[in-house]
Amino acid sequence: MRILVLNGPNLNLLGQRAVDIYGHLSLKDLEARLDEYAVKLNIHVTCQQFSGEGQLIDSLHDANGWAQGIVLNAGAYSHYSYALRDAVEAISVPVIEVHLSNISAREPFRHQSVLTPVCAGCIHGLGALGYELALNALEALFRTQTSP
Amino acid sequence: MRILVLNGPNLNLLGQRAVDIYGHLSLKDLEARLDEYAVKLNIHVTCQQFSGEGQLIDSLHDANGWAQGIVLNAGAYSHYSYALRDAVEAISVPVIEVHLSNISAREPFRHQSVLTPVCAGCIHGLGALGYELALNALEALFRTQTSP
Amino acid sequence: MRILVLNGPNLNLLGQRAVDIYGHLSLKDLEARLDEYAVKLNIHVTCQQFSGEGQLIDSLHDANGWAQGIVLNAGAYSHYSYALRDAVEAISVPVIEVHLSNISAREPFRHQSVLTPVCAGCIHGLGALGYELALNALEALFRTQTSP
Amino acid sequence: MRILVLNGPNLNLLGQRAVDIYGHLSLKDLEARLDEYAVKLNIHVTCQQFSGEGQLIDSLHDANGWAQGIVLNAGAYSHYSYALRDAVEAISVPVIEVHLSNISAREPFRHQSVLTPVCAGCIHGLGALGYELALNALEALFRTQTSP
Amino acid sequence: MRILVLNGPNLNLLGQRAVDIYGHLSLKDLEARLDEYAVKLNIHVTCQQFSGEGQLIDSLHDANGWAQGIVLNAGAYSHYSYALRDAVEAISVPVIEVHLSNISAREPFRHQSVLTPVCAGCIHGLGALGYELALNALEALFRTQTSP
Amino acid sequence: MRILVLNGPNLNLLGQRAVDIYGHLSLKDLEARLDEYAVKLNIHVTCQQFSGEGQLIDSLHDANGWAQGIVLNAGAYSHYSYALRDAVEAISVPVIEVHLSNISAREPFRHQSVLTPVCAGCIHGLGALGYELALNALEALFRTQTSP
Amino acid sequence: MRILVLNGPNLNLLGQRAVDIYGHLSLKDLEARLDEYAVKLNIHVTCQQFSGEGQLIDSLHDANGWAQGIVLNAGAYSHYSYALRDAVEAISVPVIEVHLSNISAREPFRHQSVLTPVCAGCIHGLGALGYELALNALEALFRTQTSP
Amino acid sequence: MRILVLNGPNLNLLGQRAVDIYGHLSLKDLEARLDEYAVKLNIHVTCQQFSGEGQLIDSLHDANGWAQGIVLNAGAYSHYSYALRDAVEAISVPVIEVHLSNISAREPFRHQSVLTPVCAGCIHGLGALGYELALNALEALFRTQTSP
Amino acid sequence: MRILVLNGPNLNLLGQRAVDIYGHLSLKDLEARLDEYAVKLNIHVTCQQFSGEGQLIDSLHDANGWAQGIVLNAGAYSHYSYALRDAVEAISVPVIEVHLSNISAREPFRHQSVLTPVCAGCIHGLGALGYELALNALEALFRTQTSP
Amino acid sequence: MRILVLNGPNLNLLGQRAVDIYGHLSLKDLEARLDEYAVKLNIHVTCQQFSGEGQLIDSLHDANGWAQGIVLNAGAYSHYSYALRDAVEAISVPVIEVHLSNISAREPFRHQSVLTPVCAGCIHGLGALGYELALNALEALFRTQTSP
Amino acid sequence: MRILVLNGPNLNLLGQRAVDIYGHLSLKDLEARLDEYAVKLNIHVTCQQFSGEGQLIDSLHDANGWAQGIVLNAGAYSHYSYALRDAVEAISVPVIEVHLSNISAREPFRHQSVLTPVCAGCIHGLGALGYELALNALEALFRTQTSP
Amino acid sequence: MRILVLNGPNLNLLGQRAVDIYGHLSLKDLEARLDEYAVKLNIHVTCQQFSGEGQLIDSLHDANGWAQGIVLNAGAYSHYSYALRDAVEAISVPVIEVHLSNISAREPFRHQSVLTPVCAGCIHGLGALGYELALNALEALFRTQTSP
């Protein structure tokens, strides 16, 4: 099974920024940890990170051709990018939305994600662990669908 | 490790009601499945379900004395019960909020949960699988806190 | 035909409270009058009244097993109890919502009932007469459905 | 006893339009059914239907001179015609508002009727049956007022 | 100088309706009083009253050909009839809006008149006197414009 | 192919009113121009204009019997007439909404048309040209539906 | 009869400021014109102008002792000074609110006056003429009340 | 004089929860302190605490039979329980609302209490002292009413 | 202990205005009653009343030098004067907000006080008694802070 | 005459995505069809599609140098990209906004386009036909402006 | 060049109040620092501070006679004083609004200044430095206007 | 000292677009002027301009490594780009927001900048001068921080 882990703007600064909210793990560390975790689930993970809305959309379109599942943390775009939402809705691969922090406990503009209604599910507030749970979920969904 | 799985109003009708949204699994089936899953994680699960707001509050207060984690699906109370929110905030046990369906993709009154800001994390849209992931998450949180 | 007439919080004070709005009839009087009226329609009426949201939910769940129709006046819960709404939606018995007073002519918080969208119909402003009309309506619905 | 049954815009298309919501009964059929039903209650029914707001207002003013009760389904005008509301409020004949469909379960603009606060009562969601119940209600109100 | 005094829906019931708000003067009385008052100002007054929005619009269009001023009390249409507003804006005759009652002291839907922004001025709360003041104002405006 | 071109309130003043917004073309000129244009498309155009909401509704109902397409400019009614919206929705003839001006660039109350959601399409901001494009569109829709 | 004409902040700049809205008349000119006009109505006018909210309140309290009517143009305070509103409501002298410009046709914050609901009437959009009409109105009110 | 001191959900955790807001006093301590204080005022205090909305309603109904005053801290129910509000309004005993913390200085959902409009008075922000002041107030009210 | 009792606009009319809401006590009477009450608590009370926002601000600044507590009834300024709020927040003396009437039961603009969030506590609905309770509260706060 | 046809995010998936809304035509097909159609109008069409907001802005800036008209379907950016709006407003080439679907009949976030107020006109709900009508419109505008 | 530096309510407490937000500089210190800074720019600075809205308005009116520029920090009045806004708009001297703190990063009621739309420019968040920059700006504006 | 001057979308059209708002200065001219001005302050300025949100984010991240201050005019992104806001918040270099025009005096969507709360300060309405003042401010901030 192949999964795209797609991170949005400012997640490249993970570990350097707002460490009280996001923790000390860098993006590189997080990706390495996921790689390791995925192997146990027989998943091959591809990790990408982009600052641009258009790049994220193109990445989702592209994954439509090769991935069986997507873990998406679109950062602040989650709260207003209807273009990204359309991209998620347009593709046939299941997408699970992840946020490191509990977005409902932060500034009002973060309470609503415009992506959630078109995702298969949503996990937030659980830090890096959230990405791992999303891998578990996609693996389970995939197993259900492909098992006779 | 001991965990309370607490379900709110109308979840006793699981499997009989809105099966296109909630699936055919009954509450009994769900609880049995969680029991089985928990054993593998070395967790002892206690399952409760109540229709009353006050009963759910009392159950949370009580769990404060014996549980190391709580999985909470408060049903429709999630959207307006500030009394339940206060109960979650008042206790020192970490609570993970679970919803079977993707609440952001349903009626507007379900888009916001007043409980989320005081929970450790939130998982929704993944059906019964969500409860299992919540157990995983609580187990991982517990392991982190109690390991030296 | 068996029908549940279910009254919510503060309706036990009928006849003692706000008599300019609700009239001098006590709940006991109202129930007796309905009993008498029902007999003529060949309906057996069971009357219940509860102050608790959970109790009302349980009563609706229970009626799902034995009633062919429900007349529901949920009092002030009508304006915010999404848990009660879920209960009405979850059961397969038709529910007719009744209010003694014209709720649209009173305080703004009473203008909207969150139960109405999931009820078969709604009658308000007609006092005790409204309950009788609801019995008529349920009887007619039942006759239509069960007649060949 | 004489009663005006007044229908507003687009109700002339009953039975041809949105039959999943309004059913297959034509306006002519509905009026015939009411005529028949009214006879049993010793009521003489006059049925009118207009597309124009001004015509509906004039009809209400006129009925003030000869009717003892009015059944009013003002169609979409219910949701914004404060002029019609003033007409209802201005006359001394009791008016019962009827809607065929459950307006609270449809588009948001139909959730609120500006007429309701000045009507004696409101019945909706019960199809043609609602008009019959309204006749019953007006008959009962009249009997109460005119009996010693 | 020729002036149109145009009254909208339900003003034909003046003196019969809500006498605590509108007083005991009938529309006929009001018009007679204005006639008498106008003579002193060398104004010829034409009085019209319509229930229909379209009739009011047509009357305004027509007055564009013969009147030098218009006194308009559009009743409840004032609060939502953008079609009437367009008619007032479309004609070149100055229009003064009059309301018998203090619309700001009544129900919220009466607080805003959508006609006011396109009228030359607005007088309300002063009963029948308001119409007389409007005649004075139009006469003064006319004198200013036509005097060298 | 037969098409109704239906204009609403104040459009009879075209060319006399707000010429910076609507231009110098009179309604008669516009209708003549459309007539000429329609001939080339093998369309027979019938033009009507009414000030009254009820008249517009009746015209739409009537066209249901003879027209294969409708071009509708309901003027200011577009922004609040849910009765007109119901009429458009009730008939089976495709309706294209046209506005001469760019309604989104004018007063806030003009930004939203309550008719648009039930029309086949909408063209605005292009002046008289918009009516011609609407004829083209209806002709194309008709050709598609009736061609094998 | 004695009347207070009370002007609020920035009206001392009349004739120097926004002359396209307020005209070229100075406050002194306006007051002189009113003096002259009042004489004909057998009214003695006292004119005051203050920039401070407290001063305006004190002036109203004081007038309660000697005036039979008040013409009030509170300038921008009209739109938020609930303290001034309380002062108008607290005194027993009738107050007529006047605005030189058509406040409904200007910035949104000027559309609502918090004073209007507690005034006897309101005149706006008619420039200096509005003050004269207000004197007429107060004189007529006074004559009605004091005539047998 | 007999007074009911009625506490709502989560107040049983007083002294254990959010001590920076609510202080270290336990509910037992608070009740003891009130007992002692009441004696000096010749008041007999009965203290109750419930988690359930229905239980609080029943307690208020019951007190209607024996208490001359009620001190009510309904906890988070204060912000949405219209059922509780109806109960307060339905009984004839004066109720004083108390909150330990300054609810206006906390989360927005706590700024409004739906109970306040039907209570005799409200005291908040003064901690345990607020309960004592409420006893004083009820005693004074009682003395005024019962003294000749 | 020295306490400032500061009253805002229109409170000088106490006893003359809206006696159904505020009672027949004059401000002078109220102040005399407080003087007497304060003596028993060993408090020296200074009473001031101003109509101007600036005067109230200056009075608060001044009291910062000599008072150990402030009882503030800012009248209608309570609902919009952020300048007064800043003054309360800027000084180090505890302020207790008092309102004679139950502001939550009156016009919507009175439901919110912008001062409350920066006051030590708030008492309203209890008439003159509220001022006395505020003195008690300040005395208790002072005793707690100054006792070892 | 040269025209830019500019499509925004996710329009590259046309024919693969939401075919019930957008139809089976691919973007390539659409562009070919427009090419063919344009030739008949003596227009040379250049088609571009971008996922990025910045790329769309750059494309508009660039077209300012060579195009005489622009057909713009900015996809979901239409609903929030004020940067794109500024770009449309900044250039001197007329832009016609096109949407394939009837955006007013879909999710609320699609009801408003922030681009419309600065476009020359808007056509939506007419599928691929809408692009053709836009070419017609631009050609007519161009002919008017360049003809003597 | 002569400039008025006008400070509003509570700025007299600078250095004593909320020092984490406003710093330790007193108003006297700030004014001295500005004096010194102004000399270098060949500006003569007059500093005033008032608590009253009316006093600030009068000061602006007065400055209209002698100042070539105004630096205005109206404190909390900035957020609601439309009377002050009218004063700024009424005078012909350019006004630059200054705030010591970043008002957008504080309580919601401080996010909007009703004065900004009528000021020449706005500087906030830069402490005392903001006043100096405002002097620079006014000097530059003045130089531009008076230079040939 | 090294400073990044970063301009967002459409600022490359400066001098060509909306010259009544932005003036005739081109971006190149502006940058040259700033270069010259910076030299006097011993600042080395690097100027960049991007249309893309992602490019602006990357530029801010990059500047974190070499700049001691940033002047940011993000154009229309200021009003909705929470991704850009996160970038500003994530870096440790102080950012001063500049707008050429007075954004509070333009369309409502420009009144609020989502960037302001995380910037050190904000200057708007002062044209090109605003950039110069921002350089002054950053220089002063830097001097304060680095001086002993």
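In order of appearance the chains are A, B, C, D, E, F, G, H, I, J, K and L, and numbering begins at 1 in each one.
Everything below uses one rule, namely that contacts are C-beta pairs under 8 Å (C-beta built on N, C-alpha and C of every residue); 3 or more make two chains touch, one makes a residue touch a chain.
Just so you know, these numbers come straight off a predicted model, no measurement behind them.
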Under the touch definition above, the chains in contact with both chain F and chain G are E
Min route length, chain touch network, chain A to chain F, equals 2
For the copies chain F and chain J, the interface residues, called same if over half of the numbers are used by both and different if under half, are same
Expressed as a multiple of 5 degrees between 0 and 180, the CA superposition of chain E onto chain F rotates by 120
Cα centre of chain A to Cα centre of chain E, whole Å, reads 63
CA centroids of chain B and chain J: separation to the nearest Å works out as 48
When centres are defined as mean Cα positions, the distance from chain G to chain K in whole Å is 32
Contacts with two or more other chains occur in chain B at residues 52-55, 80
Chain pairs that touch, by label, are A-B, A-J, A-L, B-C, B-H, C-D, C-H, D-E, D-F, E-F, E-G, F-J, G-I, G-K, H-I, I-K, J-L, K-L
So, in the complex, the side of chain A touching chain J is made of residues 52-55, 57-58, 61, 80-83, 85-87, 89-91, 114
Per the touch rule, the chain D residues reaching chain F in their complex are 8-10, 12-13, 16-18, 50-55, 75-77, 79-80, 109-110
Given the complex, residues on chain K that touch chain L span 96, 102, 104-105, 111-113, 116-126, 129-130, 133, 136-137, 140-141
